[in-house]
Amino acid sequence: MKSHRKELWFETPGRRAFLNITPQVEAALQESGIREGLVLVNAMHITASVFINDDERGLHADYDAWLERLAPHEPVSAYRHNRTGEDNADAHMKRQVMGREVVVAVTEGKLDFGPWEQIFYGEFDGGRRKRALIKIIGE
Amino acid sequence: MKSHRKELWFETPGRRAFLNITPQVEAALQESGIREGLVLVNAMHITASVFINDDERGLHADYDAWLERLAPHEPVSAYRHNRTGEDNADAHMKRQVMGREVVVAVTEGKLDFGPWEQIFYGEFDGGRRKRALIKIIGE
Amino acid sequence: MKSHRKELWFETPGRRAFLNITPQVEAALQESGIREGLVLVNAMHITASVFINDDERGLHADYDAWLERLAPHEPVSAYRHNRTGEDNADAHMKRQVMGREVVVAVTEGKLDFGPWEQIFYGEFDGGRRKRALIKIIGE
């Protein structure tokens, strides 16, 4: 069994953003030399997500509005977590809806994807350096 | 390390459906000959889910009503994604709540399940041929 | 490839609770002797979750209130599932938002975590004995 590990670093200027990281995951898979196995990609921070969906700008705007409806940022004082001095409780909720991680099959050296699948880093509390982890195991 | 890959194809007549695919996943595991490892089962489309829950018709009706409340199909014009000519933005939201994939332990050649766990394909934008992927790795 | 399996048992007195199970997962990893691989941790019951987030009491109170808003326990009669004699339909919804499982990378014999990641068992229908599964594969 082989394994390969790589970190991706991000610093998004605004509070929220969706970044397509599929090329970086494909590059890590090439580096690994693994032909059959599994790739785990996860946010290393608890106010961010890694998820798979469509690379379509309108959809991302819809996600942003929908997540704000399910877990609004304001009023900040509505969340007990924010009494610790944080203002990011909503980001911890949004991340649960979108998920922490994805696991993708590796087949014949490639990400084994359906026609529209793309991997995104979802930032819900940006403005500082944060990381995602890629871990690949297989042969 | 061994690996095994199989696709499942679906065409549900209506827009939304929940299909129990546990027997197909068990069959793929038998074919693989793998005794210890992990099974990944994921939707290959971004408006569908694979999830684990109870095979109870009332619960599935509850899920359907609840997901409609969290992310209504109508009005279609409420979603920017639908300006691309699609009418399925709600399906992209529902899929995030229910999840893209499950990872199940394989122990002594069987799906290592609790008493009520069953695997479902959740369709949120049906009426056409779509796929799920089974990937098994182990020994 | 090596594999290791362990069950964790819980009985929470109330209906809902969040329990930090990171030490138990770390102990299972030590027992396994695995240095590079993946850990799967999943609820074996369909009204409970395993998820990764912050070990902060205020945040957990926020999650509880938020999940009650998304999928209220009362009125019990609002759910068709509860006509089967159950009163836990809401717990099946809450579990989908928070997720069934986490997959964590193992690197140099340790859980490969970001600064605040902790693993929780989320109970949404307590008062009886229930289980989570740890399965570790690697080398």
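Chains here go by letter, A, B and C, matching the order in which they are written, and residues are numbered from 1 within each.
Everything below uses one rule, namely that a contact is a pair of C-beta atoms (placed from the backbone, for glycine too) under 8 Å apart; a residue touches a chain by one contact, two chains touch by 3 or more.
Per UniProt, the chains are A, B, C = Secondary thiamine-phosphate synthase enzyme.
Since we're looking at a predicted model, the values are computed, not measured.
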{"item": "Interface residue identity across copies chain B, chain C - same or different by half", "value": "different"}
{"item": "Angle of rotation relating chain A to chain B [CA atoms, steps of 5 degrees]", "value": "120"}
{"item": "Chain B-chain C separation of Cα centroids, rounded to whole Å", "value": "20"}
{"item": "Chain C: positions in contact with at least two other chains", "value": "1, 38, 70, 97, 99, 103, 137"}
{"item": "Partner chain B, residues of chain A touching it in the complex", "value": "1, 36-38, 51-54, 56-59, 61-63, 66, 70, 97-99, 102-105, 107, 112-117, 137-139"}
{"item": "Interfacial residue positions of chain C with respect to chain B in the complex", "value": "1, 3, 5, 38, 40, 42-46, 70-71, 79-84, 89, 92-93, 95-97, 99-101, 103, 131, 133, 135, 137"}
